[in-house]
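Multiple structures are listed underneath, in structure tokens.
Below, chain A partners chain B and then partners chain C, in two separate complexes.
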Partner chain A sequence: MSKRFNRRDVMKIVGGGIAGMVFTPIPWKLIDDLSIWTQNWSWIPVPLKGDINYKYSICTICSAGCPVRARNVGTQPVSLWGIKNHPVNNGALCPLGFGGHHLAFHPARLRHPVKIVHEKNKISTEKVSCADIISLIRKNIESKQTPQTGNLIAMLDDRPGRTVSYAYRAFLAQIPNGTYITTGTDETDSMQGLYEILGTENQEYGFNIEKARTIVSFGAPLLEGWGIPGRMMHARKNGCRILQVETRFSHTASVADRWLPVKPGTEAVFALGLANVLINENLIDTDKLSYQSANFDKELKNYKECIAGYTPAYVAGRTGIKEELIREIAREMTTETPSLVICGREPAAGPFSREEQIAIWGLNFLLGNIGPGNLIVPRRSVPAGASFSETKLASVKKISDLPDHSIRVLMIDEAESGHAIPWQLIERKLVADNPLVISMSPYLAGMTKRADYVIPAPTQYESCQDIPPSFDSQTATYAVSAPFYTPPENVIQPTEFLNRLAEDIGIEKTNGSYTDMIKERTAEIYEKKRGWIYIPHNGRLIETADVFTGQQFWSHLNNGGYWIDEPLEQADNYSISLFGISHDRGSFEKALRQIDKSYPSENTTYPLALVPFGWRGVVDSGPVTPLITKLYQETEFRKGTNRALIHPETGGFSRLRDGAQTTIVTDSGELQVRIEFNDSVMPGVVHVALGPDQDSITGVKEVRIKENILSVCSLKDNGTWRMTPARIGTV
Partner chain B sequence: MNNKGILFFFAGFIAMLVFGWFLFPSLMYQKLEQPFHFSHVTHTEMTGMSCNDCHYVKSDGQFSGIPTNENCSMCHMGILGETEDERIFVEEYMMQDREVPWFVYSRQPENVYFPHVQHIDFGEISCERCHGEHGTSESLRPFQRNRLSGYSRDIWGPSISRINNPAGIGMKMNDCIRCHEQSELTIGCIGCHK
Partner chain C sequence: MNNRNKVTQDNQKHPRYGMVVDLDKCTGCGACSLACAVENNQQPATPDMTNRTGNTWMRMYKVHNGKPFPDSRAVFVPMFCQQCDDTPCLYVCPQNAVELDPMTGIVAQIPERCFGCRYCMAACPYESRYFNWWDPVWPEGMEKTLNPDVSPRMRGVVEKCNFCHGRWQRARAKAASEGRRELREDEYIPACVECCPTEALTFGNLDDPKSKIAKLVDDPNTFKILGRLGTKPKVYYRTTRSWVRNAVDRNIYSETKETVHG
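Up next is the complex of A and B:
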């Protein structure tokens, strides 16, 4: 052994030291302390300190209208929370709602009217004045256009029924070719099939979810933000069973009592198979149905003949669900009662076609679910307010019903439905020659990036907003979202913008401020002296008749109160059409045959079925709250944009490996995606995620229009895009 | 590797173990003395006060935390007794209307929301469960501040390894989770990180 201490010996000591370090707390302690150190950097925002007070309001991010309790330091909310045992939502809030108070400070926030300059896939903004935008709209209104060249001045409102919606309709009724439109992509549209069966457009219906023991859901994301999310979660806690009919193993399917993975596009066939068993095994209460419906016997005879071919054996072959299981589910629907059937919509994949909706909702009639005291109950509409009740209003139209290239000026309201809207659905309705698109949005995100000009609107908790009932609510409800903040100086309330425009073009303005319009509406509700108002401060329900004055009623609502109407008592007897009022048996059967043929695709060029998926409130590409970044970016609890899930067998066939970058090719174009193998995906199917884009999270300075999966989906004439023939290419 | 090589390797190995387990913890934490000593036992045993007299839950559910001069002013407008600590408190803080810059042993990071009211009133957890025998201390022990994070050693707990830490020792997220699991209380991320 040499006595000399050399460089090699030093290296051995160091090596021993490094090996020894692994057996000490040093690495683990340093990792922990360093991560905490990064939270303490001076530029990391921290909550304010000071005296705490509480204020009540309503979340307006989506149409559910969940009540919130804000914990404030001074006037600044530092956290939002649900209100325990609230009769409307049982105190639940979604991850978006929890961060609603952050949205006012989102990096994509706009604080001045801007012109958007489009350069290839990139956009930039230039400040303009509100008067410049008004002048442009006036010029378009005054230009003599014909229907052939496109002459509609349209307002797109994806959350109709609010007071601002009535203001839009009153304004549009006064100008030539004024048209009020909705995209028809929200959950309300999924109920149109039910209204067709019941032959009514004016009578609203809701669901008595709390009474249901079993819910058979056709694609509705029941436990992922459907309707008023807290109601469904509460029903589930109370033992309501869920049978989820859906191709994809969604979060709802994963926690349902049964997941029924039907082949894509065969949901309606499965529903008709259930109807076939219900009728042929005499599982329906014909006496009750005859009593409820004047034309039941004739309708049943016709319907029975129409669905005679949808035997369990046939349906099993089409849907992939075993024949015996189809019989078992149908029997379960009549033993585990009361059972409700819900026709939903996947937030990214869009609604079912009207005929599919009719086939699914029809099961509720056979189960005797419709009418007061049952699971699908009629409810009253909320009055519009005295001035709008006496004013001429533009009718409500669905955008897919308008002729292509007919809109010259499109104004887009800021409120989103929380569901995906493919831009091409809107784009194809715009005139080809210089359409003018104006967005009234607080953010440079989502559809606003496609606009030419933006009028910055107030965001969450910056102005008084009203909340009409959610589509699933069993009675009429009404609430007012009271503001916490004052909006920035150049932010303009949409009604104020309309008033300035009305003044410029010389038509009648609306009376008073937007808050005045909402006050007027609450006054009309108060005058009926019906129902109750829930007071969040003390958890009490007060009868409307016991509130002394209209001013007091307004004060309750403006402080987080929630008005709940009485259930509507209505005679049981009505006339139904199981084929829908807009169809006869022949056209219904023809439509069903078309639906039945849609899968599997006979197209050898595009052998796969592409079905997008996403999460309500995030798929519309609007701004998201910081909590969502945890779910998408940090934990991947939710699949991010353009993540394609395929079965390993499909991947092997296409010579792909897990994690590969590739392209999805359809008739409408191609899109780069990242492949993820997933055993729960059906072979031959590709599910592509639609999540928040980077601008929605961070509001990057150089905003890009990044295409997502909706841009390659085939948009049908009826405005649906649930399934698209596709193939996988390689990059 | 020859015998000499193995010897040097193990020398480095052992040296690092000694450093990591015995020297590193004292290097990581800086010992700071409180502005002056405060005897909890004097206040509880000699004056008959209880914890709740100074550290209480307000009517709106907020926790009062460490008392301010206003709370102490009823007794300490003038010097009581002959101790140097009392003189410092009265002359340097009370008389000059300065709040005492105490180092708080249990201060949590800003992104943590800990409602005392829920743990004390609804969970019926005693103060000692998290704060140990602090309420019966004769004087205030030195505050050990983490040189990187700035937080107290009490958050990490006395054992540097944190292996088999008993309940009530340490106030890191894992300690909260373990206690919640023992009490069969599930709570999501936003229960504490609002």
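Up next is the complex of A and C:
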């Protein structure tokens, strides 16, 4: 019997087939293939192929100058690593250093001189020639300005001591009203109080951190990036104790052996409280100290009288630290020895005032820490190079020391200090009438966004750069950052720009190229035949005297070598004054009274203390490796810009909830922030983060000048902004 | 037969790599996070990426002691794939995209097999697996800086720490070229271990009783996070402070990946 194959059978076969197919690998394979097809596109990058080789150089992101070993494919670095057991930093690199080779490709990179057009809500760029910019500067130099209208031609350099810094100073010395300035916001400035105590300007000092058993840190981010980070990390690994005197529960405070959360602005009062205990409990070695001061007995008597009022009971009331704990810390400083006191600064919150610094650094004198063989040791300066020693150099000035509205032309060097600089600090020194601001930066980011013109400078590992010693280094050091890349065609080395400008205005140019200048400096170091040079290829320290020729010495440096000077056995004559050389007892006491009054604010309109915070190398808004998002955006490990941390109790008073958007209001303005409750924050204090802008991380299509917390901080005449009275606005 | 059984049935003696993280030494500098990203070609975040959608094989947590100001204390905890011997992610993967390497004990993720179901992410008690929500794109020119030993993964797959497998391959090739089958202790270390400035991370063969790591593992101050789950992680943590141990073990597995409070 035959059965007709009808339509129903066709449907059954098709239906059965579809149902059966589910039990075969076909649909799964299709899903798999579909996902693969939709996942792989031509823009997914393929790593470079080629020979692997290694090169050595030095990181120039900050002034620490950490040595790096680059793993290259051909000539292209694909990763940077520290050099294990390196005598300068023990092989440590900071997170920013690991991404140093990314910066040449940063989206904010400029590859041509540009004019910046400031529009209402954004900024744009127009290509110009270098000659146009030179001509503008020449016109300003030649114009006869009266002192009343401002006539300074200034160069702002936040990384003084480099060969380029001497070139700037030599250039400025030749032009009328040429002024060389620093912002005074870098770590070196935190040493000024120490130099005041020592009464010396020419003798440099560094720290023998490795020898310290205890470090009492006043606000220094010791474990987050201070000085050469590897040194502190190494000391910590070897058991160095850290007592952190800081209002904020910072990363360093979190893992310190003791966190001493003083009320904001009372660090100096706390230091004087410790000094009071040290002196009154006879914890100091007066016999040893008497050798360091010309009139020691009189000096000590005066100082003792000056700080007599800072009893532990009084200081406890001012700082919020218990009286007994103050005594305990002072005793600990003399039992857990040797103990070093560091006056630091929070990278975003600005430096301590000179008087606060004197009060803090003075503890080191009482502990007998100063002098050769101690914890604060003298070191030699690195010579500037033959051309500059003989040339007249413009003196170094701090921007806050200049009169307001005095700068007509401001040129800004590309290298940033890693610390925050409020634009107001600079802006108020510019003439009101059409100032000319020129940035020599590789990027359209940070302060460059405020400029009128940009000369694109070479970036990291694109040109030969020299590295003078970090401020904390215990001996003089010198190194050369050898380039890995050739800079793009229209990128101009700042010294080359200065030479073109010098030619145009008819003054003397510098000798040869920038590399020649650095070579000349190296030759002068070599001639002294002192110290050692560390060779990274084989990990050996060679005596400078054993290097046969200057050319060989240069070759070592140009291949990642690091010159390290011998320790200085004898310092220049100094006589310590605990009030600082620019103060007498009266003026010091007056300044202390001012400091003591600063917190809490009596102003009921602004009952909170606003203290900004951030991370070295990031708060200056300069470009950072885009991979920094691993710490800022993809995790909340570090707080992004305008995140305001407050104690829940403070939030309760202001009727806020966690995560609320609100405004912080100060005398200087207001800023939108996002509130984050954190019960580790001192009640009555608001900490606002200064993080990287999106355009300094991955670049943005529309570049804007964004206001940050520094815009609303009260900037004092001495260039500090550590604490600002504030209130939280309406939700 | 799954990969885990291969380890036990293979008569050849192979290393079983693990790590000890000394929480008392970690300063939370974050160098390990960046070094890991550079070594393993992890892409930077797009502007809309958040802490829940980011891709951080080595993730830093700040764990608090739970006490308010001024008694707050905190510890930094680097968290990454714990390389479990009893591997939940391996069991749940429908694609065999997770492999427990019998040669090393390392839990590997095979992106070519993964089709992004994310079962493994749900199964991982350490939240140490990350889904690639975006195409791996670097700023123009920066793709030249990619590590040639590691392929960038495509969008739509899960990825995680593999103890820098590219480095293991490199070290093994070098040893083979010198006629050796076994690697020396310092010959293969992951990027995070190499870069740690305080030497808070110790890496090595857990089965070698002479190794530094084996001695650390025997220390009574060493513990496993969420050890009670029985996943047998090969990453250990170490601290002499009891509050740290309690806070980390109790709270690292939290509902968000933000700062953890004890």
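Methods note: the second predicted complex is superposed on the first by the 679 of 731 C-alpha atoms of A that agree within 3 Å, B and C clash if a C-alpha of one lies under 4 Å from a C-alpha of the other, contacts with A are read in each partner's own complex, and residues count from 1 in each chain.
Please note the rule applied: a residue touches a chain if its C-beta (ideal position, glycine included) is under 8 Å from a C-beta of that chain, and two chains touch if they have at least 3 such contacts.
On a predicted model such as this, the values are computed, not experimentally measured, just so you know.
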Ask   = Any idea whether chain B or chain C touches more of chain A?
value = C
Message = Output check: A:P229 vs chain B and chain C. Expected answer is one of first, second, both, neither. What do you get?
response = second
Key: Contacts of A:N282 with chain B and chain C, given as first, second, both or neither   = neither
Task = Please indicate which partner A:G16 is in contact with in the superposed arrangement: first for chain B, second for chain C, both, or neither.
result = first
Task = For A:N40, decide between first (touching chain B), second (touching chain C), both and neither.
result = both
Task = State whether A:N6 touches chain B only (first), chain C only (second), both chains, or neither.
result = neither
Message = For A:S79 in the superposed arrangement: first (chain B), second (chain C), both or neither?
response = both
Message = So in the superposed three-chain picture, is A:K29 touching just chain B, just chain C, both, or none of them (first/second/both/neither)?
response = first
Remark   = chain A residues contacting chain B in one complex and chain C in the other 36, 39-40, 46-47, 52, 78-79, 81, 95, 98, 627, 630
Query = Hey, which residues of chain A end up touching chain B in the complex?
reply = 1-2, 8-9, 12-21, 23-26, 29-30, 33-34, 36-37, 39-40, 46-47, 52, 54, 71, 78-79, 81, 95, 98, 627, 630
Key: Of chain C, residues touching chain A in the complex   = 25-31, 33-35, 37-39, 41-42, 44-47, 49-51, 53-56, 59-62, 64, 68-70, 72-76, 95, 112, 115-116, 135-152, 154-157, 194-195, 197-199, 257-259
Contact footprint of chain A on chain B as seen in their complex = 1-5, 8-17, 19-21, 24-25, 28, 60, 62, 109-111, 113, 146, 148-151, 156, 160-162, 189-190, 194
Note = Listed in rising order, chain A residues that touch chain C in their complex are 31-32, 35-36, 38-41, 43-50, 52, 73, 76-82, 90-96, 98-99, 101-102, 104-107, 223-225, 229-230, 233-234, 236-237, 249, 251-252, 254-255, 259, 261, 320, 625-631, 633-638, 647, 679-683, 694, 697-700
